[in-house]
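Okay, so chain A shows up in both of these, paired with chain B first and chain C after.
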Partner chain A sequence: MATLVTDNCDLCRFTDCVTVCPMVCFHADDKMLYIDPVVCIDCGACIPVCPVRAIYEVKNLPPDKHHWIAINAERSAALPLITDKSQPLPGALERKKQLGF
Partner chain B sequence: MKGVWNKVLKVDLTAGTSVIERVPDHVYEYFLGGAGLAAYYLWKECPAGTTAFDPENRLTFAVGPLQGLRQSGAAKWSAAAISPSINMNADSGATAAFGSVLKQAGLDAIVMHGRANRPVYIVVDNDRVEIKDASALWGKDAYEAHDAIRALEGDRFEVATIGQAGERLVRYASIQTGKKSFVGRCGLGAVMGSKNLKGVAVTGNQVCPLHDQKAADKASTEANARMVAIDMSKPEEFRIKRLGTAMATALFAPQGNLPIKNYREADFPEGVAKLGGMPYVEQLNAEPWPCRGCVIQCHNHVTVEHEKYGYVGKGPEYESFAMMGFNVMIDDMKAVAYAGELANKYCMDTISLGGVLAWAFESYEKGLIGKDDCYGLDLEWGNADAMVELTKKIGERAEGLGHLLGEGTAIASRTLGGGSQDWAVQMKGQEIAAHNWRAQYISALNYCTGVAAGPNHERGNSQHIWVGHILLPEWGIDHVENEERWSWDKAADRNAKFHDYCNLINSAVHCKFMEFRGYTLTDLQKTINAATGLDWTMDDMRRCGDRITNLQKLLNMRYGWKKSDDFNYPKRFMEPVSTGPAAGRIPLGLDEAILDYYNCRGWSSDGKPTPETLHNLGLQEYAA
Partner chain C sequence: MLKIAVVGSGPSGFYTAEALLKSSKAEVDMLERLPVPYGLVRYGVAPDHPKLKLPATTYARTAALSGFRFVGGVTVGKDVSVEELRDAYHAVVFCCGAETDRELGIPGENLPGSHAATAFVGWYNGHPDFLQHSFDLTQEQVVIIGQGNVAADVCRILAKPVDDLRQTDIAEHALQALAESRVREIHIIGRRGPAQAKFTDKELRELGEIPQACVSLDPADLVLDPASAKEIEDPRGQTAAWNMALLREFASRPLAQARRRIHFRFLESPVALYGGQNLGGAVLEKNRLEGFPFGQRALGTGVTARLDCGLLFRSVGYKGLEMPGLPFDERRGIIPNREGRVIRDGLPLTGMYCAGWIKRGPSGIIGTNRADAVETANHLLTDMHTNASLPSKAGASVLLPMLASRGLRCTSFEDWLKIDAAEIARGAEAGKPREKFVRIKDMLDIVSHQAAA
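On to the complex of A and B.
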C-alpha cells in the first residue's frame, strides 16, 4: 500500500505536498510529481494540501486511475528526489481552474 | 551550536521598531529553545510588578532545534507571556505549519513588547520585518483576519491571529494558526489584544544547518514509520488518524475521567454514546487534517450538515466537546461542534470556556443567575441552544453576564458571590481541563504544583501514565499498576519527571501527541543530539527539563505566586461521586503530596527552590 500522485498533477506541479511529506518520497520530472512506494509510509499528510486533489491512497483510488500505481513506482525509481517547494509550472493556475478547483 | 539560529527578533510595538538580537550558545545549552527560551526572555526583560496587560509584558513566539526537521510533530511552536488568567508566566503551544516557517525565516523567536497606537500586524519575510496597519481587521474574527492577511501578503505566509475575544481582553482568549491549531491556554490571545496586535505573518526559505543531517533524517524517518505502523495496527475506532482526539471518550469513560455536569456527577450515558468515537466521524463527516509533516493527524476537518449548526471547518478536539458537552450535559455533537468553532473564531480557549459555561449553568440552577441576567436564555443543563448563544455573548463580551464570564470563573464567582466559588472548578484563575482528579490522583498533584502554565494538563501530563499508558522508562518510570492511580506512593517523583519531560519537549519543540504512538525519550534524545551536537545523555535531558522547571518557578515567585495558591484547589474534586469507576474516590492526602513534591524537587517546605538546588542546576544568577 502507498499513496500516489495521479493525472491532475500533470502540468500543474504545485509541490505543496513536498513540504509536508515527513519521509521525503516525492520525485519529479518536468511535468509532474511521483511518490516512491518503497519510502512512502502511507501517512496521507500530502493528500489534503494538494490544490488539485491529485493524490490518493491506493485504497481510495478510482478504478480508472489504477495504472498510476505502476507509473509512480517506475517513474520515482528513475527520477531525482524533490525536497523543497518550487514554483508551479507555467499555466498551472489555468489548469487548476480547468480541473474545477 | 547547530540546529538553532542564535537569532531572536525583538519588536517594540510602541515605537514601531524591530531589532535582531544575537543569543549566545549557552542560553540554548541551558534552556534549549521554545518554552525554555521564552521563559529566559521573561526572566531577562520582565521585572517583578509587570502584569499581563502591561505594555512591558513580553509575548514570545519561539521554536527550537527540532523545527525544520522532517519529523512528525516538529511543526510545533511555543508562545509565552505573563498570563491574564493566572497572572504569572505561562506558555502554551500550537502547530499547523507556523513553527516550521518561523524557523525558515531564520529566527528562533519573536519577542514582542509595547503597545501599538493602532491595530497592527507584524510581517516577517526572512530579513524583512514590517509592522502594518490592521485597523481594517480589528473586529474581524480570527479566521477572517487570517484569510485577510494571507490575501494581502500572499499564501506563502503562515499566520497567527486573534479574534474579537482577544481584542476585548477575554482572559482566556487564544491565538489561532492555520484555522486548525490554537495557542489555547492562559489567555495569551488577550495579551496580543492588549498590544493592539491582530496577527503575525511569517515566511522564509532558510535552512538551519544541523550537526548531523543524516542522523537527524534517520531518527525522523524511523520514528515516523513506527508511529504510522502503530496507529494502523489499532482497530479503526482507536486510530488517531481516523478519530483524532475524539477517541478519548472511549478511553476515558471506563476510567471515570470525563467532566460531567461541572464535574459533579459520573453518569451521562447518552453523552458518552454520542460525543466521540465513530459517531463523531460519521455525524461530522470528519477527515484527517494534518499539521505539516504529521503522521498522527489528530486534527479533523469536518463538514457538518444541519439547519442551525451546519458548518465546514475544524472539528472539535476531545477537550472542546468534553468541556462544552459533557460538562454542561449536552449530547448533541453537532451543536457542540458548532459552538466550538464559534469559540475558535472569536478565539477563546474551549477548555476554559467549557468550565465557565458549566459554572454559569450551575449558578442558574441554584438561583444565583436568573433569566433576566442571561439575555432571556434558559441555562438549564443540556440546553444546546442556550450554550451556543451564551458562547456568542462571551465572545462579543456583551454587556452583563457575557462580559463577566469573559473574566473567567475565578473573578466571576468572586463577583457573583452566594457561595458560587464552591462550584468554580478552577485554580489560580484557570479552569481545569477534562481529566478528572478522582480518576487518577496524580492529576490533582500536577495541577496544584505546575509552574509552566498554572494548572495545566499539557504542561505536566502525568495523567498520561493512566489515561494513555505512557511511561518514561528512560527516566525510571517503567511499570505501574492500575490501582496506583489512587495512591500517592511515587506520585511526587513521577509528577516531577512529567513536569520536566513536558518542559524538555516544549523547549525542543515537539508535539507531545507523538508519544501516543510510540515516540520515546530516546527518539527525542537522538533527534536533539543530531540537530544540535549537544551529545546529551538521558541525565542531561532530565537536567535541562529540571532547570527550565526551576526557572519557571522563579518567575512564578517574581510575579506573585504564594504557597497558598498551590493549596487553594477546587472544592468540587473533594466531593465524591457515588457511581462509576471513580465512585467514592477523592484525592485525600493531596496537601501532604504537594509537600512531598516540593521535597522531591529540592524545594523548601515553602515551595521555593533552595539555594543548593539552584546551585546544582547552575541557576544561582537567575534567583536574583
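On to the complex of A and C.
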C-alpha cells in the first residue's frame, strides 16, 4: 500500500507536498506529480498540505480513482525526482477554484 | 564557509543540516545529548511501525555529505554553553524538540501507577533515560488520557499480542514485561468529541485491526453537535471525517469475545486520581462543547463518574525545555521565534535559530519538519549572506578540544555506524531488525572495543 497523487494535481502542481516528504519520493512531469510507491513510507504527511486534495492513502481512495495506483507507479519510475518546492503551474489558482477549493 | 552548529539530531536537526549543506555555503556540526543520533525516529516512532523509521536512511545520506560532523554525548546548556557555541560558530540552530510532557495538573497525579505516556514510549523504545521506569502490567484496567498519535501508540503496544512485537526492534526488557501483561481493558479518553480526536485516521484504523482485541464505544457518543457536523463536512476536517467513518464502523461491529478490549470514550476530563499506596482510578467529569466550528472548547458539566484503573498514562501534550542562555515561551513550551529566527523582546538574536518542535510546538509528523527546517535554513542563509563582514569562526577546532578538556567522551558518526552495526548483529540472533543498546556505557564500549581491536 502507498499514498498516491490523483487527477486534481493535473495542471496545478502546487508542490507543497514535496516540502514535507521525509523520503523525497515525488516525481514530476510538465503537468503533475507522482509518488514512487517503492520509496513512499505511507506516512501521510503530504495528504493534508495539498491545496486541491489530490493525494490519497490507498485505503481512502475513491473507487473511480483506482487506476491512479498504476499510473503513479509507472510515471514515477520514468520521471525525474522533484526535491524542492517550485512555482505552481500558470492557471493553477483558477483550476483550484474550479475544483471547489 | 559558514560554520553552523545544529543542536539535536532528530528529524528537524537532520533536515536543517541537509538544507544547509546542500547550499554548499555551510559546514554543519551536529551536537547530540546521547551518543547516538536520530532522536524521535529512534526513540519515539513505535517499534511496530518500521516504515516510519526509514527516514533515518535519508539522514545517513545527509551525514555522508561533505562538511557534516556528528558530535554525540554533549549536552548543550550543561557541557557547553550557548554563549560558547555562539563564539565558536557563525550561527546555532536549536532543534532540540519537545523533551517533556504536559501534566494533568490534578490531585493524585503522582500516585504510583500514573505515568507520562512518553515515559512508556521511551521505555519500550530503549531510551537510556527511561531504563529505571517500571510499569505495573499486572493491572487489568488501563486508562489513557488523550487521543493523539502517542496515545494510539501506547494503546496499540498494550493491546497487541506480544508475539506480534517479537520481530520488531522493541527493547528486550519491554518485550519481557509485555509477555507477562494481564491488561484486559484499555480506556482511551478524549476531553472533546469524536470529531476532535487528534489521531490520524491511519493510527485509528490500526486500533481496530489488532488481533485478539476488539474495539468498543457508545454509539450515542457519535451523535455530533451542529458545529462538529460542520467541521467534518469542511475540507479542513477531512481527517476528522475519515475518523468518524472509522468510529461508526467500530460501533457497528458485533460484540465479540476478545482477549483485550479498547474503549473509546469522549467528552470526559479527569479531575482527580484516587488510590492509596497505588493508583485506584480516575474521577472523570463529563464535558460539553462550546464554540464555533474548529474553535470548540470542552467545558465541564459538573457531572462526574469514577473509573477504576491501576495504570494510567497521560498524553495531553508536549513542550520543550528551557535552554539556559536562550529566551523561552513558558506557556507554549517553545523558543520564541519568527519563522525560526530566535527573538528576545521582539528583536532577533544574532546568529540564533530554531527548527522543529522547539520552534512551532509538537504538531505534525516527521515530514512536517522538513518544510519547517528548510524555512529556518533559508532565513539563516539569507541573514548570513546580507552580513558582509562575517568574521571567521573556529567551529569544531575549538569545540572538540574544549569538550575533551571537560572530560567528555564524544562520539562521531563513524562511531555511531559501529554501534548501529553491532545492534543489527545482536538483533539478527533474535530475529529482530536490531537489538538496541539501552545503556550509554554499552554504546561507548562498542566504540572503544572496536578502536582497541
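Just a few scattered comments:
One rule holds for everything that comes next: the second predicted complex is superposed on the first by the 101 of 101 C-alpha atoms of A that agree within 3 Å, B and C clash if a C-alpha of one lies under 4 Å from a C-alpha of the other, contacts with A are read in each partner's own complex, and residues count from 1 in each chain.
Throughout what follows, a residue touches a chain if its C-beta (ideal position, glycine included) is under 8 Å from a C-beta of that chain, and two chains touch if they have at least 3 such contacts.
Just so it is clear, the model here is predicted, and its values are computed rather than measured.
In the superposed model, A:E74 makes contact with neither chain B nor chain C. Greater residue coverage of chain A by touch, when chain B is weighed against chain C, goes to C. Contacts of A:N60 after superposition: chain C is touched, whereas chain B is not reached.
Of the two partner chains, both chain B and chain C are touched by A:G44. Of the two partner chains, chain C is the only one that A:F101 touches; chain B does not reach it.
Legend: residue contacts after superposition of the two complexes on their common chain; A:D29 is shown touching neither chain B nor chain C. Of the residues of chain A, those at positions 19-24, 41-45, 48 touch chain B in one of the two structures and chain C in the other. Residue ranges of chain B in contact with chain A, taken from their complex: 70-72, 97, 217, 220-221, 224-225, 228-229, 232, 241, 287-290, 292-295, 297, 301. Note for the complex: chain A touches chain C at residues 16, 19-24, 41-46, 48-49, 53, 57, 59-60, 84, 101.
Chain C contributes residues 11, 51-52, 54-55, 58, 200-202, 205, 235, 238-239, 242, 364-368, 370-371, 374 to its touches with chain A in the complex.
Against chain B, the residues of chain A that register as touching in their complex are 19-24, 41-45, 48.
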